[in-house]
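Should a chain be cited, it is by its letter among A, B, C and D, assigned in written order, with residues numbered from 1 in that chain.
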């Protein structure tokens, strides 16, 4: 067997898990298990206000295009580390079948990032409350408080948390001055561009996509574009069976 | 309790003087320049005078204190550390006392238990408290080098870095600050809590503790709570060490409290129990080698004696002794 | 009493010096790590936790296990375990001190270690670890110290020892439970998300703790003249054997549930542990040595022989260390066989781990020496 | 014996003097603090707090911002006495003070205070 990146495997593991569970419950043929309806977010009572969400229309996502990733990594000073062991990613593209399970018909690469779950298991594992869910639904990291115990990284079922095993500045060629880097010894992940949202801008991946394949908006607002898309099309989430309630959706 | 409160009130008053004088009378030149210079002069002169005074006293007897086997016959194992027979050994002993407080390490405490049984158990509290207190003070003192040097020596920078290891507050928190406060509290509480110690404690035992406590609190207050202008402080300090008489800039009053208390400590130092810092090196019970069987220790004030040997005696009275029929050694 | 630690015969000095040298190697490695970070370790995206974290469940269980001796030894009147109570207290203290050191070694931002105390997140099991370890360390160390002090003075131990031990009971029991829960919050890690993990850790801790105490008591007996009593040691060995049995039974139950229920993910995790991973050899060795030592300790004649009991106890402890420490953490975080090859501890990591262990063994040696000399001094009077 | 003692005292005194003069040598050619501060002066008429307060207390303001910014997210807003609302963020500071690259460094170097801000935040000295 080829040597795999662990995180890549975690992403793939959803498929195996689903196959196992599907076999046991007979749900695999039924198909409804992984498909998300608007009930996935709207049916939770007492949840109002802002909850940022993202939707990828992978039909419009060109093969081989990585503009969103490049833009994200440049804006947030994500170091470019070649080795799989020390790699840091906020966003990446993976085989859709492996990422989203067997309901995803296509094996084309689709973008993936932190799901900003409504029930984040990373936040439940963090001993210092350094990774937490904000009132606007963004799962944020307080880099000033993180002690680097990597519990969040261990407990994220999507493998979307990265750790700075070495000094990130050494691997940063052309930093963006407006956004800080991280230091060796803390974890990091996608922040849903909360730094840009506060200035009234859209996330940098959304802006960078030439095809307009990424929608971003308030999941709790019935009139938002993302809700309109969610209600009009069939969407998938990553590993919804874990009960983490991701805020990132995919149209295949 | 009078002997606790009077020193406490004295320290409080001492702290109040510069505060009032600087805040309301604008006497920062007096408290920032004149008094520190005077205090430094008194400290240095007083310290040297005390040392000189001790040095010129003769040591009539070798009164070295020991608690181990002294140098004896070859097959008897000598305790080199406790009973040194060379000057080098004595120096090692003094240093181990200065650096590690070895004599306090041996402390025991008598306890009366039901039985009735009197037991002696080792008691290391004073040793631990004293060690924590003195070492913290040393590190804190060295850390202050950043006010006296444009660029402090590398080892002091490293010390500062290690001392602020814990990321707690934004002007980095120094562990020694906490340790010295805890140790001071212990040392004061020790004298008050135990009846025996309370009786033998004097005002002069409490005063330096409270004074140093005041200095520490004023210093920590400036760093963590009531901020002062650190640039003006550095300018003033750099001026002082280069014998400049320039007036201090706008600094918070708390700094003058700190500086004045330090000045008072410096003035008080040579004339108090605090001189143990110098005295420990000159104490004959410590710095002498235990070699009284090898070397004759002459009392320096004894005049060389006039002795008469038996041979001389016989020379004088030989004839008379012979006459009297007494035996003589030489004919 | 500390002064007793500074003098001793030639063998004691050589042993202590050797341990100090190894501990110094650990200090060097930790300096290296604080200068350059985890690049000096084998950890990476394939193995998020390595050798450091792998010690934690084992040590937590040992700390809790010390209660099994300490509680009857101090709270019961005329307990046959009374002579071992200080040893048990010191074992608990050493294990919790080691845990704290390994937690510190595993942090990416060691300068922020106090954040664990100042900004706890009570919902996260991991945030309870450090406060409880500190509490347990303080309690066991003072209890053990006071007991040895009383022994040296030939007086009754102070009364507050009983209250301190009572407080230590919930704290100590919580340690392995929390250790198990820190692993249980990781979804999709089937080796960890078992309800049996906490009882398994506790049973394994008692088995290993009894084994280590046997080794300690017999060593102190042979070298320093410490006297625990023949009957006491035999019963201690029996405690280890029974706890070992419970541990093996719980491990078997967990495996049987996975197999009989045909729980795919669970059996896949077991297959990783015992089948297609480099850890399989270690896992099988641990299982085999655990079964062997438990079985032999059940034989009364072997329990009665000091040397046999001590060596079987050590083997049992080693087996538990491998099972509820190393393989549990290292294999538990793996997702497939190919990822297993991704972790090999690097030299500084090994040095630091060995350094902490050496420091702990030194601490234990010193505490044993003090205990033994306090006992001797009393008898000499 | 007496002579040796005087020698000892003399040596001690000489050492002290040498130490003092070494300090003196270190301070020569040194710009006074006020100059160092002035080198960094920018228009600070509209800082988040009065200039004098910021001069001595900026670290406390930064610590407060640092501790609350991430957790309060978009609500981490600092309101000044004259009603301006500013996002709690170091880049808010650098938006003004970044224009003088040496603003932080001249005083911090003089006072030998090394903050750890620049472990992550990109300092004006590092920008081209």
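Things worth noting here:
The rule is simple: a residue touches a chain if its C-beta (ideal position, glycine included) is under 8 Å from a C-beta of that chain, and two chains touch if they have at least 3 such contacts.
Everything quoted here is computed from the prediction, not taken from an experiment.
Taking B-C and B-D together, the pair of chains sharing more C-beta contacts is B-D. As a whole-number value, the distance joining the C-alpha centres of chain C and chain D reads 47 Å. Inter-chain centre distance (chain B to chain C, centres taken as mean C-alpha positions): 45 Å.
Distance between chain centres (mean CA atoms), chain B to chain D: 35 Å.
Per-chain CA centroids place chain A at a distance of 39 Å from chain C. Among the residues of chain B, those in touch with two or more other chains are 167.
Counting partner chains per residue, chain A has residues 145 touching two or more of them.
Multi-chain contact residues, meaning those touching two or more other chains, occur in chain C at positions 109, 112-113, 115. If each chain is drawn as a node and touching chains are joined, the picture is one closed loop, every chain linked to exactly two others. Chain pairs that touch, as defined above: A-C, A-D, B-C, B-D. The part of chain D that touches chain A in the complex is made up of residues 66-67, 70-71, 73-75, 87, 90-91, 119-122, 127.
Listed in rising order, the residues of chain D touching chain B in the complex are 1-2, 5-6, 8-9, 12-13, 16, 20, 23-24, 26-28, 30, 32-34, 36-37, 55-57, 59-60, 62-63, 66, 107, 110-113, 115-116. Of all the residues in chain C, the ones that touch chain B in their complex are 1-3, 109, 111-115, 118, 149, 152-156. For chain A in complex with chain C, the touching residues are 1-7, 9-10, 13, 16-17, 20, 23-24, 83-87, 121, 124-130, 145-151, 153-155, 157, 162-167, 184-187, 242, 244. Residues 36-39, 43-49, 103, 106-110, 112-113, 115-116, 119-121, 123-124, 126-127, 129-130, 182, 185-189, 264-265, 268, 333-339, 341-342 of chain C touch chain A in their complex.
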